[in-house]
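Here come two complexes built around chain A, the first alongside chain B, the second alongside chain C.
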Partner chain A sequence: MSNQKKRNFQIEAFKHRVVVDPKYADKTWKILEHAIHEIYNHNASGLSFEELYRNAYNMVLHKFGEKLYSGLVSTMTSHLKEISKSIEAAQGDSFLEELNRKWNDHNKALQMIRDILMYMDRTYIPSTHKTPVHELGLNLWRDNIIHSSKIQTRLLNTLLELVHRERTGEVIDRGLMRNIIKMLMDLGSLVYQEDFEKPFLEVSAEFYKVESQEFIECCDCGEYLKKAEKRLNEEIERVTHYLDAKSEVKITNVVEKEMIANHMLSLVHMENSGLVNMLLDDKYEDLGRMYNLFRRVPNGLLTIREVMTSHLRETGKQLVTDPERLKDPVEFVQRLLDEKDKYDSIISLAFSNDKTFQNALNSSFEYFINLNARSPEFISLFVDDKLRKGLKGVSEEDVEVILDKVMMLFRYLQEKDVFEKYYKQHLAKRLLSGKTVSDDAERSLIVKLKTECGYQFTSKLEGMFTDMKTSQDTMQGFYASHPELGDGPTLVVQVLTTGSWPTQPNVTCNLPAEMSALCEKFRSYYLGTHTGRRLSWQTNMGTADVKATFGKGQKHELNVSTFQMCVLMLFNNADRLSYKEIEQATEIPASDLKRCLQSMACVKGKNVLRKEPMSKDIGEEDAFFVNDKFTSKFYKVKIGTVVAQKESEPEKQETRQREEDRKPQIEAAIVRIMKSRRVLDHNNIIAEVTKQLQSRFLANPRRLRNVLSLLLNEISWRGIPLTENCTVILLEGIA
Partner chain B sequence: MRRSAARKSGQSNSIAPITSSAADLFRSASSKASSKEMERIDNLFYSYANISSGLIDPEGIENLCSDMEVDHTDVRILMLAWKMKAEKQGYFTLEEWRRGLKALRADTVNKLKKALPELEKEVKRPSNFVDFYAYSFRYCLTEEKQKSIDIESICQLLDLVLGSHFRAQVDYFIEYLKIQNDYKVINMDQWMGFYHFCTEISFSDLSNYDPELAWPLILDNFVEWMQEKRT
Partner chain C sequence: MKIAKDRVRFNVGGRIFETTSTTLANAGRNSFFGAFFDDNWALKQPINDLNPNSEFYIDRNPDCFGILLDLLRTGDLHIPPHVPERLLHREASFYGLLDHVRSAKWGPFDANRLRYSRSVTGRAPGDGTAIRAGPDGGCCVAHGSMVRVYDWMMEEHPPINLDYQRVNDIAWVDSENVILSACERLGRGDGGMGLFSKSTGELRYKFQVCHENRVKSYTAGALSTSSDYRIFSSCKGRSNEYGIGVWDQITGKQIDFFYESPGWSLGDADKLQWLNGRNCLLVATLFPRKDNCYISLVDFREKRMVFWSDIGASMTVDEKRVRDAIAMEDCNAICVVNEYEELGFMDLRMSGGSVRWSSRSRLMKGKMPDEPCYPKLALHEGQLFSSMDDSISVFCGPDWVLTSRLRQSYGGSICDFSIGGDRLFALHSEENVFDIWETPPPPIL
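Let's look at the complex of A and B:
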């Protein structure tokens, strides 16, 4: 039942009333065959497309598709065989041109033929799974031309020859190359690969193997890398101009392997021009080139990194163990900073800020800085130098830059607590002598240390600053409430909170009467406002400005230490004093007293006292007089104190002291961990503690185990020895 | 470009004056004959018509076709409809039936069948073909106020109506219609445009096609597509 809806016409093809007999098929085929000939002979203009189309249509419609298709195959094949002969006959350079020309002709013909035979392409071919017309045309071309025995090899050789010529500097016809290569690509990736690409890659490998060998023998590292880079770029350019884009990675791999990977070690270790030389001479361009080339090959960057690291470690090790360098701590640290700057530049300018290189740099620095146990002390001395005078006149931004660089070195230290100790000492000296160049710079560095190590690290240091400020306020308050003291000697007191400042030994010393009275007044003032505290005078520190009149009336103001002041004041009441008398009166310890007297009697230009006998050493029976003949061209004379001789084995003492200092920190860490974990096995305790202490110092596992077992024994563990397998359990009631 | 020729105007019947003579005799004889003929035509009509509607409906047409041994989807049925100037697809009125069969001088199924080849030739004459071509478009406008036909039906119609004359153009154009997305329907203007395209433009080089002239845009696109395939 037909429905008269919109889709009424379920049309079958309108049937032409044509007699269907084989003669018809032959006649029709002849027409088409003739047309194909005309097309190949460039005579297509006389043909009627519509008529030919209809003929082909009818043949297929009336089930003569097979005849049409096979006729097509044989006609085309015979034409291609003729074409093949004409190509083979071409001489020399015209071979490729002839091939190209015929290829273009074939494509044009194929296009026309395909258009005429479209109906067969659409219906007969899919149903019989035969090759479509266009593809058929390509396959026949491939089989009869490209793979013809007289052409196949000749074509390949011609192409490779041209590439070789271009590599040796000749100019070739790139347009023609492109067309021929494109032809191979159009014939299918298999054809391109087998008939060109594979041999091309093989020949190229050979070429570069030979060339790289020549270069290695005659060039230095930098020149070689330049040449390699040039060749690499040439190949990439070659691909963009006339090869399949997919060949790029393949040919670059060949160049990379032959020119770089195979010679990596020779290049890096080349005498006088290799990597180490480049590093030493800051050859940024060469280094950058090496980086860019080596990153293309497996383990390339690894190789550079390893050589750089070992060189850096070696150089660094020499730096920190060179006895000459150790004589000047500031110079020592400066040299480290310079080395760091140098490599920072190299990494940023040549190694494109590669993180792995940055890490290698850091680990190398960490390695050799800690080879010298005095590094923490030296860094603190460097900072001390800068804050005393080095940063004078430097702009704020530059100050920050320098301090940040110092912080970089600080981070490398494993024994940060040692740095802290020295830093505290040096800071104390700076603050108490008022010798800091910039308060802002001091505070800025404290902030950086706090950011790096936490509040605990810097709380005492900050306490020192606070004490200084508070003392100022206290002094103001003292003199405001004691106006009657205005005429007497001026007292300036720094009140130092114990614990924040480096510990000082308590030393006996009898102050002159005027001073002790004044000091007592201060003490009662202070304790009046701060009940519950204890004050003790640190007589081994402090200075005094003493006005003195000598024999011929010359007046001078002497800046002396407290001890020296005590001694000098004695001469207000006596002209001659023996050592013993001085010792008795001042009660200053012998070694300090002797040095104090030496400073005033035996040092040229500072000899305000006269000693009999005039020897350098202080004997018990020596007598001292004011040196009436003392002269100085300056009114104000600063008298220092002779430095003490170094005690024997100070380093060992220091180490022992350091270990003692660290014990409570280790114990605290253990307790903290056990409180949070409750139950933990031995190995994990050691691991956790190490991690927690990392920011202060590198903990020794054996030491940790010792401390742990001591701690456990103290909590009466029943004396069971600690082994690696046991577990520690936190019980209630343990603080 | 040329527009389709105007439709043929309908024929008016001449009224025989009342005079007596041999001509009259002849006329009355022929009119008798013609009235006899008309009677047979009418009878034929009613043998296929639907009693309640008074029209030949699709079922009736199918019966007619099978009696004529022609497939009801055959283009000759469309040609027949053209000859009848049938208005509505799938239906013949008595007037249309009379018109068509009278013109074909057929009053039996057999005579009608035999008239078909002649009808084909007539349609193929260039002067008639344009009219037939336009008619076939209109005949497919089944809904009231419908002005265009969907692509799929157009493809079938093109094949039916133009396939024998312009096989290549039709096949390529149908391929294009199926791929393009700009148009979902074709109107009369585009339909006629394609016919003129087939008769005027050299195929498949399209060398004399000038897009500056008033060709419908769809043909400009078609030509562009053909040219792109070439490169």
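Let's look at the complex of A and C:
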């Protein structure tokens, strides 16, 4: 009993732990392993999906996930090693086909294996952060097939060889190629990049380096560009057929670099076929191709633009400085317009209306047009020519086109006020001589100038038109109030407002008695109808129609200037007049008189007077007679006035005059700006003024400073020097 | 009579089921049935037409198969009382139909149709810190130094902790990963911020704060994440590491640190909220951590505060003390709440502006419960939620009218609540119980 009592109770660990049959896992795995073998051997028809799925499920459920997973890895690896051998054994061209076939097999097997192991894929793998079955299958394929030492380089070389063969014109199996490339992409973008794309780009670069060198040695620029374009398109097409879309940028970059960027300068400057030749010959197609190709590379368009600009400046400079051209202003301007048209169409047809090219064109024109100080004058002369005669029979739209083109040139001018000066003179001449062909065209141009430069610019021009209109009315009124003037000479007066018209030196002369009487009548009529006005006669600008009868009774109507009329009238009462007598009678200044006589006595065909002695020049001792032998085919004869000798004042003086003319405008601009800004430093005020005056002329900074400092002395402004170069200007109370 | 060609006959655990392969196709390719009928396998099965009595055997529970078959037929889940839910989940997991069960159980979130679903009781009583809904319908509850993790089936996973330090905040990075912020333990390098696996509870990464190229230990406070994979946390170190730390979710590296300007208590912040449209972070430090309520928007690109407001300097005396704040980007406003659950609004575009309190008068004044819980705010799809005492109010814009009130009497005041995975979780303070609110599946007609 005591023994019994002494018995120790021992608490034993619970012995009946539920233990799954240790062989269970092995047995189950064997079934699954066998199934995987059968799947790889295309022998899956005897397999039951439900059984396999259940077995895999049970393994995971009973914590044999690890065994299942590692079993899968080793089974699949061993299969892939076998596959690798069979691919290696494939001969020649069948290599890729075998690879492709095995790849398809593997994908199918992988899908089936994943189906069986779906439960593991869904539960065991995420919680243990292992690679999912599908990705695992791809990784194993990558490591055992693609990266196996015997396949990796062979695959790469085969692919590159195929691309090379296609580049040299052979037809290859693009479908197979696409499948293989797709496989590389499926294995991850890194595999595609490392195992194909990178070497592909390197080989391509080498290929195009060699080829471009060949081309550049044997082709002209146009041909080369055609070939480069073709290659580029081929590569883009290749990408769409069997490469990753992301490769397009990379391979085109290679072609662009090797074929274009590296040869850019030699292409542009290629002898007899480079850019300059293309421009000269208007080769729109080639230029367009060059533009499109060069646009793809850094600095490509810049290169084209620079060459074009320097060529344009060079030819433009030659054009405007060619002394031959200066002889004919109309031809000069026409040349400029033609040049502009030429480049406009190049830019629109070949350079896809690129703004930067348009800017380059504009700046080039601005550059060389202003190289010739007479450009403003010439442009005005061109307009003058067109408006005098050139526009006859031209439709309204064409007139607009021509005027628009002229405006374009006008825009390039820096010294717009010089143009204005000439334009005013030329317009005055056209109006006074009644030579303008189209009032509409004249007005249209003025409207254009107005929109371009503002009201101020054209107010005087418009005043001239108003004067013309008022004069007509005045003359009608004059003759209506003097009905007795029906017979005798007819007087036509144009009353010009002072200031609106270009100033002319007022040269007076003695009019023939009957004319001066008529003038007096007009004066009293005019001053009677308008109060507070003053009339002065600009006899040097008038014209007259004189009827003359010569020795043998030939009658002509002579169209002459007022001076010439005065001289001719003297011969009504005398046969012979000496120079001195004429000078005394008419009081025409010597230089004008000499020109006047010269044009009537020395010009062949117009020599209504005879001179003794016969010579080209008029001497003070000469004597004049009516030329009885004067003949002309026409009844009306226009006798011009010999153009004055080249203006004697030197160019410099004109410049100085111009600077004087500009002074009030500069002053006005400064005051305008200071009124609104009050405080401004020195440099800014110069900048502002220059900007404001731009529409009229390019202000010379030194001149600006000069005017500014003069103004500072005159008005109550204060300049506070801050630093040496910077002065703040304060405007203190200016009305 | 013609037999439908796609008819299939199953013997599941001894019971015969007849259905069609079309019905089973609703399971999707990524399921048992999807693979079963795939060309790779289907050809190897006996073909019905030739042998109408042939059947496929599946060694599973027939009751559950019936429920799941009806789920595939109708899209509705009906679980008879005698079938344990866990068993059904187990079976659904076998067939790969768990997602179907999950989406049939409750509908898309609609704050005004919420129904109380169930309560889950915690282990230790009292004082939960925070509850956070996960993206898939699960949640985690911070409690002292532990965080308990539940999946959407309310199965509890191994709890997580960071060196057993007191947990300040938790945030879901995705349906598998949770970040936890905890207090530091002086001199030990413990605490800070860690990334945990939801399913296994293992620590996968510990985030570090570097100051002048030296790793510092720190206390991590409020957390926020942004859609461009950044993590924000208010940080408090012992030297200069006061402010907001920013980490990259993918690399885990610290990518930025906004050192706080004096007096702004960014490192103590109670609430961080990333504003996607404005590309800045709302930082709110509230009573009782500070006497005043500091709210600011921090722009990390320009390293400056683009909005700030310090409410309360003049208001500490009256009872309008801000207890929580939330930015509502769509309305350019910040909503705040005081301890009487009165809502106030501030214009997000105007710094230093004042709070416009809504005139809604509540009967609550002067009727404080014994153990008060401060109100919390949440925003979900344009609806504003505010918890007070043992209920949660739902307000709809633009005038923020009260449209629903959620109340479950058991467990005392609600100390925190969270919306996510089409569920609302409310954590009670007294009994350590949390309630789950779901939107029922849409009506049949």
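In this section, the second predicted complex is superposed on the first by the 673 of 735 C-alpha atoms of A that agree within 3 Å, B and C clash if a C-alpha of one lies under 4 Å from a C-alpha of the other, contacts with A are read in each partner's own complex, and residues count from 1 in each chain.
Here is the rule we use: a contact is a pair of C-beta atoms (placed from the backbone, for glycine too) under 8 Å apart; a residue touches a chain by one contact, two chains touch by 3 or more.
Just so we're clear, the structure is a prediction, and the values are computed from it rather than from any experiment.
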Open item on the list: For A:536 in the superposed arrangement: first (chain B), second (chain C), both or neither?
Closed with: neither
- [ ] Please indicate which partner A:123 is in contact with in the superposed arrangement: first for chain B, second for chain C, both, or neither.
- [x] second
Task: Touching partner for A:395 - first (chain B), second (chain C), both, neither - done: neither
Open item on the list: By the touch definition at the top of the document, which applies to A:49: first (chain B), second (chain C), both, or neither?
Closed with: both
Open item on the list: Just checking: does A:111 make contact with chain B only, chain C only, both, or neither of them? Give me first, second, both or neither.
Closed with: both
Open item on the list: Quick check on my understanding: which residues of chain A belong to both its chain B contact set and its chain C contact set?
Closed with: 49-50, 53-54, 57, 111, 115, 118-119
Task: chain C residues touching chain A - in the complex, by the definition given at the top - done: 30-32, 35-36, 38, 40-41, 43-45, 56-59, 93-94, 96, 176, 197, 199-200
Open item on the list: Could you list, by residue number, the parts of chain A that touch chain B in their complex?
Closed with: 1-14, 16, 49-50, 53-54, 57, 111, 115, 118-119
Task: Of all residues in chain B, those that touch chain A in their complex - done: 58-59, 62, 71-75, 89-91, 140, 142-143, 149-150, 152-153, 156-157, 159-160, 163-164, 166-169, 171-172, 175, 203-205, 230
Open item on the list: Per the contact definition, I'd like the list of chain A residues that touch chain C in the complex.
Closed with: 44-50, 53-54, 57, 108, 111-112, 115-116, 118-119, 122-123, 126-127, 129
